[in-house]
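Data first, discussion second: the structure below is written as structure tokens.
Letters A, B, C and D mark the chains as written, and numbering starts fresh at 1 in each.
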Amino acid sequence: MADLLNPAAWLLVPVQALLFLVGAPLLAGWIRQWKGRLQNRRGPAPWQPLRDLRKLFAKEALVAHSASTVFRAAPYVVFASTLLAVCIVPFISILQPATAIADMIVLVGFLALGRFFLALAGMDVGSSFGGMGSSREMLVSALAEPAMLMAVFTLAMSAHSTNLSTVAEYNLAQGLVLRPSYLFALLGLVLVAVAETGRIPVDNPATHLELTMIHEAMILEYSGRHLALMEWAAQLKLMLYGVLLVNLFFPWGLAQTLSPAALLAGLMAVAAKLAALGMALAVGETVLAKMRLFRVPLFLNLAFLLTLLGLLSHIILEAGA
Amino acid sequence: MNAMAPPLLGQSLLLLAALTLFLSFALLGQTRLTAAIHQFAWQGAMVAAVTALVAAGEGARHLYLSALLTLGLKSLLIPWMLHRLARRLEMEREVERLHHPAVLLLAGTVLVVFAYWVALPIERIGGHASRNILAISLAVVLIGLWMMVGRRQVVAQVLGFMSLENGLFLAAVAAARGMPLVVELGVAFDVLVAAILFGIFFFHISESIESLDVDRLNRLSEEETE
Amino acid sequence: MTAPLSLALGALAAALLSAVAALAADERPMLFRALVSPLFGLACALLLAAGLGGLLHPGVARATLPLGLPWLHWHLRLDALAAFFLALIGVVGLAVALYAPGYAREFEKRESLAVLGLFTGLFLTSMVLVVLADDAFAFMVAWELMSLASYFLVTFQHEHGANRRAGFLYLLMAEIGALAILLGFGVLAGLGDGFAFDAMRRAAVGGGWGTLAFVLAFFGFGMKAGLVPLHAWLPEAHPVAPSHVSALMSGVMLKVAVYGFIRFCFDLLGDMQISWGVAVLVVGAVSALLGVLYALMQHDLKRLLAYHSVENVGIIFIGLGLAMVFAGAGFPALAALGLVAALYHTINHALFKGLLFLGAGSVLHATHQRDMERMGGLLKLLPWTGLFFLVGCISISALPPFNGFVSEWLTFQAALQAWALENGILRSLIPVTAAMLALTGALAAACFVKVYGVTFLGQPRSTPARKAHEVSFGMRAGQGVLAAACLLLGVLPTFFTGLLDTVPGLLLGQHLPQATAGGWLWLTPVNAHTASYSAPLVFAALALAWWLAAWALRRGAVRQVRRCDAWDCGFSPLTPRMQYSATGFAQPIRRVFGPLFRIEESMSRDEEGLLRHRLQVHDRLWEWLYLPVGRAALRAGRWVGHLQGGNARIYLGWTLATLGALLWLIS
Amino acid sequence: MSALWLMLAAPAVGALVLAAVPSLPLAGWLNTAFSAAALAAALWVGETVSRHGELASTYLRVDAFNVYLLVLTTFVGLTTAIFSRPYMREVCHQGRLTRRRMRLYHAMYQAFLFTMLLALSTDSLGILWVAVEGATLSTVLLVSLYRTPESIEAAWKYFILCGVGIALALFGTVLIYAAAQGVTGEGDAGLSWHRLYQNAARLDPGVMRIAFVFLLVGYGTKVGLVPMHFWLPDAHSEGPTPVSAVLSGLLLNVALYAVVRLKMIVDGALAGGPTAQLAGHLMMGFGLISFLVAVFSLRRQKDIKRLFSYSSIEHMGLMTFALGMGGPLATFAALLHMLVHSLAKSAIFVGVGHASHIAGTQRIERIRGLIRTQPRWVGGCCWGWRPSPAFRPSASSPASS
């Protein structure tokens, strides 16, 4: 915890948060644009989501008669917890003091907290769609969380730490070694990310056919700034998973000192990696079709299996590492 | 009784004891009621004779009294009562069908052997004679019990019980030259009362179930209460 | 250290007094509010003081009660472990004491307050005695008293046949468990010299006998703690008791069972064996998972909470199992971590389960409903209860920054140290149990989204739910205390881990190396490099982020919100019947985990031609374990019945046979 | 000494007097009075014993062990007598009994008390036997008092089984006497319990082993040890309730008392031998079997009096186990349990008689909701049910020590 006392490092935290806040809509827009291109249409500009957010913030908020305070508090809780989550991942620099405040497990906890209130909000209005969305969301998350933690454990057990920046540091120090455990963990985490962020093939962010929605069904009743917060939180979550994938498994380029140059380089590297990831995701969403809800468990079981394999192969093949 | 006792005495004792045993075998196999009662009376007489002999041999005065008690109770009073009952329940002619008489008797012999085997370790009391008599009395006891298990007719069961008591008396006399007088009297009293009660029960049973077959006494069964 | 003990004895006296005072409460309900409950509360306050005192100044105090047998008086002993559990009993009891008077009002007409007060007092007394007992004799007597008092509380409303059945099942299993514990103590006492715990400690039984004793104790205490597959009595018995008693039973009595297990295995038994730890670990994990799955299928509020007790006890035993494995493998520091995690979850579960049961009691009080399908929208009618219940839900779902999360985090940290073990099997087994724990946590979250969403959110589903009213101040205060405690333990974990640290110091002779090395702000169970968690900062940051968002929007263009109807796809407006029901909410999970349940589903048309859907989800363990055992007992009974066939000759035959057999035996 | 004679005289005289008294109400009162006299005398005895430590004559001997049983017996005798007066009057009014049988009942009740007290206070094994047999004979007619086929059948089985058992016990007694010949000499000394106890070491182990087997089977039949217990549920369930109460509350205790006394001698005789623990182990075995079988029968009983008679077997098994185990704690627990069980069980039978009287049936499922109508009775029964769990720890803790 040497860098705990480093004010510059602490200064990095809000900066990174801001970068996230801006970057998340951009990433979403980027993916949307690429999907458009792949579907032979000119997709919207990458900064379209930012425009949407601004518009939504300006609109008045409608709240159903039957909604209670939970409904109005939920967007803030969801947004706050997601924001905290993004504050504790090493984004552009490994020197990320906030990771000491909360480690990987707390990260999972933050996401769970957000989801908890999201689902409550879905049930609050008392329309059948919200309940349906909440029910499905909780199923998906319940199945995704163990897989997520298994992947986390694989990293944690090889780095002997659950501190994210420590893990990234460790992997960076290791250099590029082909580890079956990491391969499995990576694949598993990708699947989890897809499920958790409600992308195809688990959920379709673009759909508005009630019976197929998961995430959209929960926020169906939201409007105005509440909706904006919800959307923003969702985009943050998407980007968060992206950053986790790229920075934990491919930590190259992360700044190891606090010199402006290093930081800038780190930013560039991350941006490049995320862009690549975004394209890959767009491709995936184009070629795949959304699956039936009751095939999702199989999908997630596969994820769990992969991560478990990762853990076991770490323990058996790379024992003591 | 110790070795100084004249051999004749010991032999006659053994003879009587053996007769007692034989009689309980006869009882075990006997299906005709009146005959059974007679045999039982004879057994009582045998026991009384043994008692008297020991009394003579040992010069133990109080044994004469117990001999008299035995004679009076076991071979006169109780048989007489049984006869009266049998007549009043008109069942002198009654003959009980035994299912497997051979098994009954065979098991009896097994019991005798068993009794000897059990009595073997008993050393310190008196001489061999008394030990053998003890074994015989044990056999009589077991056979009496076996008779109660094997015979379904109430009177037969009572006879089994009584001959079991005969075995006890025999043991008391043979092994310990009789019990102290107070006990003797108490025992005799109890036996008497028991006999009377048996008499009462014959009537109750025969009027509650129109027969004296104990296998009919099975209202208080817990089978299939589920 | 003697001061805490005298405090505890005072608490005993107060509890007994309240029990006695209750006897007169039938005619004068006033007495119940004015004397019985205050005495109860006093007892609990004393217990809390005693417990904290004992934890702050670790040490051992002894006393002897002139009770029991003339030559075997009851020995009492207060050490760190006992102190911890006294504090636990105290804090939950305090809330219950605040809550009880208001709740008991509705019994005033129909039921006997005397019975309620008497047995509640006895219940408290017996639990304190169990914790304080220092010889097997006192322990068992107190244990039996505990079972019996709680039995009478379970059958308090004995008009309902269901309650009587539940009570019978409870008593039966409690007695069986007690017998097992007794035999366990018997083994220790037999190999040691006598029933005093000191003698057993000296004997330090290990090896085969130790394993036997462990198995017996694990069975007995596990049955009382409600571990799968011995949990069947729990979801029957806890819901039918009066709610504040359910809070005591679920929140405290199960913990007393945990106490017994810790005392037996960590203190009295000899050196730990890895295999024991593995057994505890696996059983704990299975209990946690099955518990939460069955809980998801319930729509009776209190029954659901009871099943969650099974789950949480499972989590506690996971922690204990880890501690035992590490202790057996010779890593006292890690064992201490596991133990602290388990203890932390113990107190946490006591707090939030107590809170939830009190909340359920308030709902029951307000709506006279236990079936969630008939509730809804209660948050508007019972704002305070709703708020406290929400706190309980977040805590039990192990979400930051509340207390449930801290203990699960510690448990995960302990599990993550598995790489230290040599044995590859263990190294792979422990993370898998950790994954089961994760699944459990996620499912618990799902379950409480269902509970809160169906009960407090949405629109009322029945008239009573529409007519509900907020409960009296005392009842709210009782819940408030526990809710505050939940937040406190969630935000200041370093302080409490520091307190708990004395327990492993007592049992394992090992403190957490540097749990609070980084100061009160940083919780670093192993070391700063491995993992760190700063709950206060997290809490602050969460508040800050919320405030920022709100503040930013406050300056936004449009302030006010407009109320309107919910989106109904343009058809007729939504009715409460259109809402998602609890059953519907759990349907996907029911379908995914189908094989674990015995599901009876049927559709039928009733006379008006309306479709009726009937769904019953049963605990498979009934048909796998309990029914066979029951049938076996029945067969044995029938066989015994055959003995009593009614034929005197056969009876005589038995006598003869016995005689012959015995003579044969001795010759 | 005179206290002792008085205590024995009270019921003896009572039996004779009540046999002569024709008037029913008077008989009821007399019955109570004589029982009360017996209790008073027993207390007096207790007081003297507590002062002198022991009270002995040629045939009688009261020490710390049996004095408390004496007081207990007379106490239960009194309480049951008090209950039986109105109860039997009620029964008589219902016309289930004739006056003659009521006379029989009262006389036999006193006679039974007399035999109990004699058995407890005597020092001679022979008289002990006579008394226990006398107890059987005096209660047989009480069991069949109603003259229903069931009651007659029950009485017959009771009579036959206990008769045989007792006869076997006599055989054992004879063997002991025989073994004692060379040691204590002939005559009453040979059966005097304390003489035998003093010289136990010099008795022939071989004989004593066989003797104990016969005695255990014999007196065990009256204790109700499985598999000699078959008479017990029948007799308890068919007889009039006061009789069930005294049978279960007193007779079983006395039989167990006899077994214990004999065990002490046999232990002395076998001490140091290869089978030193024989007696204890046999008792533990029988106790365990009885306990298990009783437990299994308990859960399928529909007749409430049968139920409680099985619970008597269960408790007796428990006590036998504990006594067989020996050791101060176990013995103390067993005696305590005996005390509580006698009081509770007689109370319960009284209560149950009351209940089945009200409900007009002995089937449990028809006896319902009594806690509403008869709270006091239910309270009594709850108290009666208590002992089994409460004392189980104390009774079986030393199992392994």
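We take it that a residue touches a chain if its C-beta (ideal position, glycine included) is under 8 Å from a C-beta of that chain, and two chains touch if they have at least 3 such contacts.
Keep in mind the model is a prediction, meaning the values are calculated, not measured.
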| task | State the pair with the higher C-beta contact count; candidates are A-C and B-C. | result | A-C
| remark: CA centroids of chain A and chain C: separation to the nearest Å works out as 35
| task | Report, in whole Å, the distance between the mean C-alpha point of chain B and the mean C-alpha point of chain C. | result | 68
| said: With centres defined as the mean C-alpha position, give me the chain A-chain B separation in Å. | reply: 98
| message | Need the CA-centroid distance for the pair chain A / chain D, whole Å please. | response | 80
| task | Could you list which residues of chain C touch at least two other chains? | result | 634, 637-638, 641, 644, 648, 652, 655, 659, 663
| So which stretches of chain B touch two or more other chains? | 118, 121, 145, 148, 157, 214, 217-220, 222, 225-226
| task | Indicate the residues of chain A shared as contacts by at least two other chains. | result | none
| If you go through all the chains, which pairs of them touch? | A-C, B-C, B-D, C-D
| said: Touching residues of chain C toward chain D in the complex: what are they? | reply: 69, 71-72, 136-137, 140-141, 144, 147-148, 158, 175, 178-179, 182-183, 185-187, 189-191, 194-195, 633-634, 636-641, 643-644, 648, 651-652, 654-655, 657-659, 662-663, 666
| note | Seen from chain A, its contact residues with chain C in the complex are 1, 57-70, 72, 76-77, 79-81, 83-84, 87, 100-103, 105-106, 109-110, 112-113, 115-116, 119-120, 122-132, 134-136, 138-139, 141-146, 148-150, 153, 156-157, 160-163, 166, 210, 220-221, 224-225, 229, 293-294, 297, 304, 308, 311-312, 315-316, 319-320
| said: If we count contacts the way the header does, which residues on chain D are in touch with chain B in the complex? | reply: 59, 124, 126-127, 129-130, 133-134, 137, 140-141, 144, 147, 149-150, 152-157, 159-160, 163-164, 167-168, 170-171, 174-175, 177-179, 181-182, 186-188, 190-191, 204, 206-207, 210, 233-234, 237-238, 297, 300, 302
| query | For the complex, which residues does chain B have touching chain D? | reply | 118, 121-125, 134, 138, 141, 145, 148, 157, 161, 164-165, 167-168, 171-172, 175-177, 179-180, 182-183, 186-187, 189-190, 193-194, 197, 200-201, 204-205, 208-209, 214, 217-220, 222, 225-226
| Which residues of chain B touch chain C in their complex? | 114, 117-118, 120-121, 142, 145-146, 148-152, 157, 214-215, 217-226
